[in-house]
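Chains: A, B, C, D, E, F, G, H, I, J, K, L, M and N, in written order; residue numbering restarts at 1 for each.
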């Protein structure tokens, strides 16, 4: 197997693991915040606006770490700088 | 085994692990939020509308990390850029 | 062992692990939500309708991550794109 | 060892692990829900009907992830598409 | 070692692991439910009938995942389809 | 080492692991139930009969998963179908 | 190393692991039950007889899983059926 | 495979693991803070300004460890000093 | 290295692991029971006799699993049946 | 692969793991402190100044362990003394 | 490396692991008991004598599992029966 | 690869792991102390001076274990005695 | 590498692991006891003498398991019986 | 690679792991004690002297296990008896 093949295999594995492991944290963190938000809503319904606004802005921030993982996965699959280098090299040959 | 075979094997394993591990976080997070929502409903039935609306919008957001995993799995299986490259290469030969 | 054999072995392992690991999260999440629902029912029997409706809609959503795993498992076993490619190749030969 | 042997060994291992790991989640989830149901029954005996009905419908839903695992195990053992392919191939020879 | 030997070794290991790991979940889940049942009995002795009936029906359901594991173990040991195939093959020879 | 040796080694390891791991769940589950039973006895001494009866019937049920493990271990050691097959084969030779 | 050596090594390892791992569960389970018993005694000294009787009968039941492990360990060391088979074989030669 | 290939493979794996593992901590930490913030809002609505301001400044600080991981991942992929060294070396040749 | 050497190495490792792992459970279990006993003593000093008697009888029972491990370790080191077999064999030669 | 290549590969892996693992602790620790700070603010709004000052000074101290990891990662990537030694050696040749 | 060397290496590793792992349980168990003892002293200072006496007798019992580990470690290092056997053998030669 | 290369690779890995793992403990410990300090401030604002002084002296002490790790990492990278020995040896040659 | 080298390498690794792992238990156990002691002091300042005396005697006992580890580590490094044996052997030659 | 090289590599790895793992326990234990001390200060400000004195004496004792690890690490790096033996041997040659 040549060098392009090894880079493809490594990228596929790294992409799968990065997204798989990286989804655990944000999902648990957001689930916890959401659970507390509903509890807070039941306790103080008059503050529903402030609570839901803070919740969704905060969840977007928690989501950001999940999105970093997604971005890294996409880069590994579709904009892999090492792959591009060797493809260009092969094209030049 | 040639290069296409290795990429196929790697994609199959990465797809299986990515979805398998990636399903743990969202399921636990959503389960926690849902549990708290039911507790909140029992405590403050008059706010049922606000609570269920916030719950389902929030769960959709938690679900998003699970969907990222599903998307990565589908890309690995059906739109794998490395596979496509080598298939095209093999077709050109 | 030829290339078809390796893909078969990889698909079998990935399918088993994906479903096995992927069943942990949804089952625990749903169990938690169900437990809280029963507690809420005992606390507020008059809201039984709202509670059970929210419960089953929510559990369907949690179940969705388990179903993603099942879908990926089924794709790996019965609609594996890599397998199909090599079967077609072998048939053409 | 020929290709059929490898597929048999892989299927046996994957079946054992899939069922073994996949039984942890549903059993713990159902156990938790059942425990809460009994606590709810003691707290609100008049709602016994609603509680037990919700319990068993919910447990069936939790059980579903365990059943997915069982189904995948049975498919791997008795309706393995890869095994069938190679058996047919061997029969044609 | 011929192919029958490998399948025997794989089946023995898979059977041992499947039952060993698969016994953890149901035992913990049932233990939890049983503990709560006794607590409920002490709290509401008049409902002893409903509580014990729900307990044993529920435990049977939790036990089911343990029984799936036992069934898979027995199939692997005594009704292994792959073993039977190769035994038949060897007998025909 | 011939085939009988490998099967013996595999059976010994599988038996040891199956019983070792399989003893964790039932012991913890029964310990938890027993602890709660004693707490319930102290709280409601008049219900001692119902509580201890439910406890021992329930513990027998939890014990069942431990007994499945013990049965599988005994089958692997003393009634191993694969071992018997090869012993018979060797005797026929 | 001949076949008897491998079986000896496997039996020694399996015996050590089976007893080592198998001692964790019962010890923790009994410790928990004992702790609760002492708490119950302090709370309801008049029921000391019922509590200690239930405690020791229950602990014997929890101990049973530890004893299964000890029995399997002893069988592996002193009544190992595979070892006996090969010893008899060697004696006949 | 030459030296550039090994560095590419190592960078891809390290990048995937660094981001995947590094996303767990910040997401859980921010989720916890957000949950408590919502609880605090419900308890003391008049302090909403101070609470949300402290929350977002604090979350930015927690996020910083996630961003360190992202920066390291980006450096590994796009500004890898070892890769640059060998590329320059190859260009000089 | 001959067969006696391998058995010695295996016995040493198995003895070390069996005692090392097997000490975790009893120590934690007894520590928990002892902690609760002291708490019970402070709560009900008049029952000091019953409490300490139950404590020490119970701890002896918990200790039993630790002693099983110690016994297995001693058997592996000083009364190892497999070692004795091969020593006798070597002496006969 | 020559010695420079091995050092590059080792540095890349060590940098990725050091930052990835090292981000877990500070993020969780800071998240916990931040959560408690918000709870304290809601409880004692008049002390907002002291609380936020203590919070940010303390978080900077917790962050310091994360920064140690970042520093080590940067040293490994950009000021690696072993790499510099061999580069100088190669330049002298 | 001859047989004495392997036994020395195995004994060193087994001794280190046995003591290292075996120190976790007793230390945690005793720490827990000690913590509760201090809490009990603060709650019931008049029973200081009974409490400290029970504490130290109990801690000696918990310590016993740690001492078993120490004894096994010392036996492995200074009274290793397998080592002695081969030393005697080497001396006789 | 010569001896200097192996020492460089080992030092790089050990440095990365030592700092990465060693940052978990201090960060969590300090985070916990800081959280409690803020809670104590809210509860007893008049003691702010004593509390913050004790907090920062204590955190410096917790930090010390993190600093030990940093020191060991720096020694491994910049004052490695084994590296220096072989460098001197190479210089003498 | 000769036999002395292997024993040195094994001793170094075993010493590092034994101390590293063995420090976890005592530190956590003592930290817990110390925390409870401070809580007890705040609750019952008049018993400060009894509490601190019991604390330090108890902590010395918990520390003992840490000291066992330190002793084993020192024996492995400076009084290693296996090392001494081979050194004497080498000196005699 | 000669014997000195292997000992250097082993010492570097053991030093890194010993300090890295050994820092977890003391840091968490001290953090817990410090947290409780601050809580005690807020509860009983008049006992500030006794509490802080006990805290720092106790933390020094907890720190001792961390210092054991540091000492072992320093011995492995700078006073390694095995290294010194072989250095002396090499010098004599």
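We adopt the following convention: contacts are C-beta pairs under 8 Å (C-beta built on N, C-alpha and C of every residue); 3 or more make two chains touch, one makes a residue touch a chain.
On a predicted model such as this, the values are computed, not experimentally measured, just so you know.
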item: Minimum number of chain-to-chain touching steps separating chain E from chain N; value: 6
item: Interface composition of copies chain F and chain G: same or different, split at half; value: different
item: Angle (degrees, nearest 5) of the CA superposition of chain J onto chain N; value: 50
item: Centroid spacing, where centroids are CA-atom means, of chain I and chain L in whole angstrom; value: 37
item: Chain E-chain L separation of Cα centroids, rounded to whole Å; value: 48
item: Geometric centre distance via CA averages, chain H-chain E, whole Å; value: 43
item: For chain A paired with chain D, centre-to-centre distance based on mean C-alpha positions, whole Å; value: 30
item: Residue list for chain F, restricted to those that touch at least two other chains; value: 2, 11, 13, 15, 17, 19-21, 24-26, 28-32, 35-37, 39, 41, 43, 55, 59, 66, 69, 73
item: Arrangement of touching chains [line / ring / star / complete / other]; value: ring
item: Starting from chain D, with chain E taken as the next chain, the full ring order; value: D, E, F, G, I, K, M, N, L, J, H, A, B, C
item: Residues of chain N defined as touching chain M within the complex; value: 2-3, 6-7, 10-11, 13-15, 17-22, 24-26, 28-33, 35-37, 39-41, 43-44, 46-47, 50-51, 54-55, 57-59, 61-62, 64-66, 68-69, 72-73, 75-76, 80-82, 85-86
item: Touching residues on chain M, where the partner in the complex is chain N; value: 1-2, 4-5, 8-9, 11-13, 15-17, 19-21, 23-32, 34-39, 41-43, 45, 48, 52, 55-56, 59, 63, 66, 69-70, 73, 77-78, 83, 87
